[in-house]
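What follows is a group of structures, each given as structure tokens.
In the two complexes below, subunit A is the common chain; its partner is subunit B in one and subunit C in the other.
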Partner chain A sequence: MRPLHLFVLCSALGLVACSPSDPRQSASASLANDMLLPAYQAWASASAQLPVSAQALCATPQPADNALPQARQDLQTAQRSWAALQPLQLGPLSEGNRAWQVQFWPDKKNLVRRQVENLIDQHPALSRAQLERASVVVQGLSAYEYLLFDSQLDLARPADRQRYCALLGHIAGHQQQLSAQILAELQGEQGFLKHLQQFPNTRFAEADEALAELLRAQVNGLDLLKKKLGTAIGKLSKGIPQPLQAEFWRSQASLDSLAAAVHSAEQLWQGQADQGIASLLDDTQQPLRQRIDQAYADIRQQLAALQQPLDKLLSNDAGRAQLDALYVSLDRLHRLQERDLAGALGIQLGFNAHDGD
Partner chain B sequence: MLRTPLATASLLALAITLAGCGESPAPSTQAAPTANSASSAPFEQAAAQAVVKHYADLALAVFSDAHSTALALQQAIETLLAEPNEANLQAARNAWLAARTPYMQSEVFRFGNPVVDDWEGQLNAWPLDEGLIDYVAAGYDHAQGNPGATANIIANQTIQVGEDSLDVSTLTPQLLASLNELGGSEANVATGYHAIEFLLWGQDLNGSAAGAGNRPASDYAQGEACSGGHCERRAQYLRAATELLVSDLAEMVGQWQANQTGNYRASLEAEPAANGLRKMLFGMGSLSLGELAGERMKVALEAQSTEDEHDCFSDNTHNSHYYNAKGVQNVYLGQYQKADGSLLSGPSLASLVAKIDATADQQLQADLQATDKALQAMVDSAEQGQHFDQLIAADNSAGQQIVRNAIAALVKQTASIEQAAARLGISDLNPDTADHSF
Partner chain C sequence: MQRRTLLGLAAGGMALGGLASWQWLGGQAPLLLSARDDSQGRHYAVGYRQDGRCQFATPVAERCHDIAVHPHLPLALFVGRRPSRASYLIDTRDGRLLQTLHSAAERHFQGHAVFHGAGEWLYSCENDTAQPGRGVIGCYRLAEGRLQRVGEHSSHGVGPHQLLWQNDGETLVIANGGIRTEADSRQAMNLDAMDASLVLLQRDGQLLSHERLADQQNSIRHLAVASDGTIVCGQQFMGAAEQAVPLLAIKRPGQLLRAFTIGEAQRQLMNQYTASLAIHDELRLLAVTAPRGGHCLLWDLDRETLRLSLPLADCAGITACTEGFLVSTGQGRCRLLDCRTPTPRVTPLSLPAGLWDNHWRSA
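On to the complex of A and B.
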């Protein structure tokens, strides 16, 4: 096995870092620098905007007219940048349940509303420390979305600002801090991104392991997208749509989130300057590459053709047919990557947390 | 075949995305690569076949115990209904608890075996919107968009679900089975252990404080002493749900009987032995990681959600978790302690793995033991008065640690299950599930 030989050679020569002549090492390094880093930076910078607009909205005695629209827009930017990380959940984001602190899904029983209201009832003058001790349900974008978009709330009203502004500000602060912390752990000499570039290191013995980790994150991300769309269109409920079980349904951001996630999965596949996972298939495996390319192209086209938000599409036959077709395409892509691609690259994906029921 | 360590943390982090009961692993568009042809397998075919055969013996024994303890539950419920008093209610609750012990050890046979996976929803679906079945307290919260969440079958002769009006005047096992997932909501669970649990205990209104459900026996009293209203209908409901449970379990026992043409066991034993091993390992890993560690513990823990507790009415969750994990150990070690106390043992997966790689076997055995210990701590806590729903309370960091330790042990054991699978040359852990829809 070539990577192993390289590893042995590097060790024998006592080199700290091999020159990235191994395709798996250069793919992993390129994806770390050209894909993961900018995606996580975008998320951190979108999260850093949240406290700014939250503060403006909660200004006393009276916020500016555009403060609420601005806060909503900043949330949607954060949602999109977060969605783009769905197929890139590895390293520091995958540890210590941090992803749950950003988004709580599925929320079958509207825990977001219940826990937000209970928290504020218990702590009318909520402190940041009290939020940090509360459950993940109230710490993230799902609760933030409830505050800004729920039909029962209106932060243009002074009474609602009075009740909810402390929580709004603390969630914004929590998201800013969390995203900055994760970005810091990715970067630096001991950062996760370095572990994707130079082998062996404390996390990966060789490039193959890093690559397996990247593929696993991507495949799990696609599986998650299937779950999210499938739940909303009724795959778990005898075909009866469940619009209130969709992610980010209050802000109608479900399909935008899906598109952002598929886009970054495709970037991981293609890479910059053909340095993605696709580049690792050899000449005999080009038909598989073409099938996966085509699967991404199909999904892109279908997403572009959706002219309405998810809940509207779910309310008519034509829309439901479009979403069903999209699900089939996502499923095909997931299968191609999970089975055919993993097999072609000789990577065992192992048990997936989705294997439960 | 390249083998890399499982990135368990990232996988478990995704566990919250599991959507709920009744869903199955994805179908495959093409046949799974089967690297285990007789010539290249690292184990002896005859030995592997003996392991698979004994696996079927274990399943038969576990499901037989589940059936016999359900019969005892049925008897206790008949006694309760004939004479509804607190002592008889307690006896029925004890019989339910006893029936859970073998059933929870049967769940490791799900996932890999479609005959079990497709069947189990009617018996163990959870969590449920109990307002479908009976009266609930004010402020009851249910799944969003569930049109049947407050249907209250017991109190009504007809129920309205969306535009449909359903006649529920005669409560039969078949009628109740047809009401599962009513209106498309998976929270509509009309049958099974948890419906019966609700009818015996009632809602647990204590949140994260001490105490389980506290339904009075008078909910089954006929005539003026009846509490909660509609006691006759409640009794009919409980009787019908129990009858269905018993007959479902009898059917599953039949699927695992030896030497029966056309049952599931016959087809399992006719497959190449490697497929049987794959099903065993897939069940062990799926139950350990996605289901028990993820769906049944982590969601409740991280969301501080007592309604996501598994046995939420009876506060028996610690035992359910313990015996789930015991089931995983049973399959690996090829042993099962029957309800009558006797030990069934025979050719094991452990012995197959040990022949190829003694270290991998020892590691997995040590991990299974560590999980047993971590879950024993949860059982001990409950027996000392602090149950699962108290452990996950916001301010109970010591309690949360008990749950975290159990999750960590299960995550670790999953990695060792993968390792063992790799040693056996089982590369694709996902058995062919082409007959599933999701």
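On to the complex of A and C.
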């Protein structure tokens, strides 16, 4: 098709952004290939490691000495790779309740512990099928963390392995399968990542719609980080800290997870070779770009300065002040991206999904 | 772009030549009414022709929700979104604001109203703020181009949201959401004691039937009524996100309210939240938007089998049209779903993208 004909077609449809050289299409395609794909691959790879170390830990008659530390380390790798997806939750991961199957948060009533114990009481010889039919509360990394890190459990003890190993193995298998399935749905000719590269397609009518999804995922991810930190530091409970409602509190991975998620959001902003969302701002919008760059830099510096785990920081005034300041910075970044950036790019992020009517 | 690429895209579901093929009797494209915001957050009552022409965009002080279209005059009431103190009577020819209808003392509009088929009366879902949550159907008479409140009925439930006419045109179908809210607040006050119900009410206020769903935290919000009297209601589940609860229910003529059959995958896609419902009477299709799940879903109304699962971010308003359905979104381009063939054909509309509110009405 000659360029003129393509232009006529685009104009007739009002699809002004369908030229292959369109910067929004280029940014969307680059972020799909250079950012989303590696992040999801890293998660699938980390999840695939869980059954290996779970099996080693549950070996009979006696696991190797390093089996429990290895299983814990593999969980923490999976937690970090999962946290990195928080600002990248779109397409297959955002649909069909799947994120809940990976992480149950917030857990205000210690449902993880109660439901894990109930499940095992009911099914001492738990099968994979029984886990698949059970609540998402017991299917994901939050339950896995309970098994490996809760202070009242110790899988170095034979009795605990006897009780919990079936669940450990099945959660590991479920996570491996789920992450592989989502990765498969991202890839391929009909995969979600292809939908971020060429327009129109069955999902997006034009590049702006894909860009809106990317930006919405990033903004929602930042909002979720605010909620996670805000819940822990007491923003939702009259200033009274709630360290046991922080994500991954048992393994003290709350701040590591936060850092991984912020890093990922910044990558989406910057992109590879300056092909991220930032590249779409024109010369007159560079002050906004600098403000957002600075907001990310501030958060990075604040995170680097936190030398203790979240629960320790919450136990003293200086630590709480640091966390409060971090929350303020996250809030500033969230607002800059949701309001100023979306406005500058002429992107509507939608509101019906939050409408409540 | 190669020809085969174009063909592939069209076969994949997003049609490319749809705009050129549309023909309307009399040359005038259908008028679509909706509440809409601009990017600065200002609120409008808008009318757009389906071909993208703006008929009017009237600034209004409050965000509106649904639109009650007059059966034969060029009038529509843009109903304030709950909890609202104002609705707007608009001339749909030019967008002229004819009347700002203020809510009565200790009453709030809840976002939905309907004109009676004869055009003289309008009925509105309202909240009694003196006895918070007590549902009220406000009765208004249209005289000399103005609406005047002349009375009210009980909705026989808590927090009524949408109401529509049963196919006899005389019986109101009321979705009592079951959620108690206080004056000027959207905060749910009774999540542990919700009482949602589907009520059939004669126009004179006489209760005909009152039915509940199995799950106490399942809020009945929106409705669609077929020409044979089949009623479908869409729910928003207020309980735990991980709980599996049916989100659609159906009441066929002469039968009790029961769950509409949907697959577990579709239930999960809706993310515990349905927004708008529409029924296409000739094609016997049910359409539902689920903005939290980012999907628009279509089922065969009689067989209760899935016809289409369309990913569409922030999809909101949906209305039947000749070809099938028109669906709006708060985020991207609106779509025409041509359902006359076994595989629905999806075409982006040349309407402005994004910022469309929860409901769409054809005038």
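Rule of thumb we're sticking to: the second predicted complex is superposed on the first by the 332 of 357 C-alpha atoms of A that agree within 3 Å, B and C clash if a C-alpha of one lies under 4 Å from a C-alpha of the other, contacts with A are read in each partner's own complex, and residues count from 1 in each chain.
Quick note on the criterion: a contact is a pair of C-beta atoms (placed from the backbone, for glycine too) under 8 Å apart; a residue touches a chain by one contact, two chains touch by 3 or more.
Fair warning: this is a prediction, and the values are worked out from it, not measured in the lab.
Comparing subunit C and subunit B on the residues of subunit A they touch gives the larger count to B.
By the touch criterion defined above, A:D22 lies against neither subunit B nor subunit C after alignment on the C-alpha atoms of chain A. With both structures placed on the common chain, the touch criterion links A:K108 to subunit B but leaves subunit C unconnected.
Once the two complexes are laid over each other on the shared chain, residue contacts for A:D256 go to neither subunit B nor subunit C.
In the superposition on chain A, A:K238 makes contact with subunit B only, not with subunit C. Once the two complexes are overlaid on the shared chain, A:N201 sits against subunit C while remaining clear of subunit B. Of the two partner chains, subunit B is the only one touched by A:R332; subunit C is not.
Residue contacts after overlaying the shared chain place A:E266 against neither subunit B nor subunit C.
Taken together, the two structures place residues 1, 94-97, 100, 104, 135-137, 208-209, 212-213, 216, 343, 346, 348, 350-353, 355-357 of subunit A in contact with subunit B in one case and with subunit C in the other.
Touching subunit B in their complex are the following residues of subunit A: 1, 89-90, 94-100, 104-111, 114-115, 133-137, 208-209, 212-213, 216-217, 220, 223-224, 226-228, 230-231, 234-240, 242-245, 331-332, 334-335, 338-340, 343, 346-348, 350-357. Subunit A meets subunit C in the complex at residues 1, 6, 9, 12-15, 94-97, 100, 104, 135-137, 200-206, 208-209, 212-213, 216, 343, 346, 348-353, 355-357.
Subunit B meets subunit A in the complex at residues 1-7, 9-26, 28-30, 32-33, 110-111, 117, 141-145, 181, 183-187, 282, 285-292, 294-295, 298, 302-305, 307, 394-395, 414-415, 417-418, 422, 427-430, 437-438. Touching subunit A in their complex are the following residues of subunit C: 1-3, 6, 9, 12-14, 16, 19-20, 37, 39, 52, 65, 81-82, 111, 161, 186, 221, 236, 241-242, 265, 268-269, 271, 275, 291-295, 311, 313-316, 329-333, 335, 346, 348, 350, 353-358.
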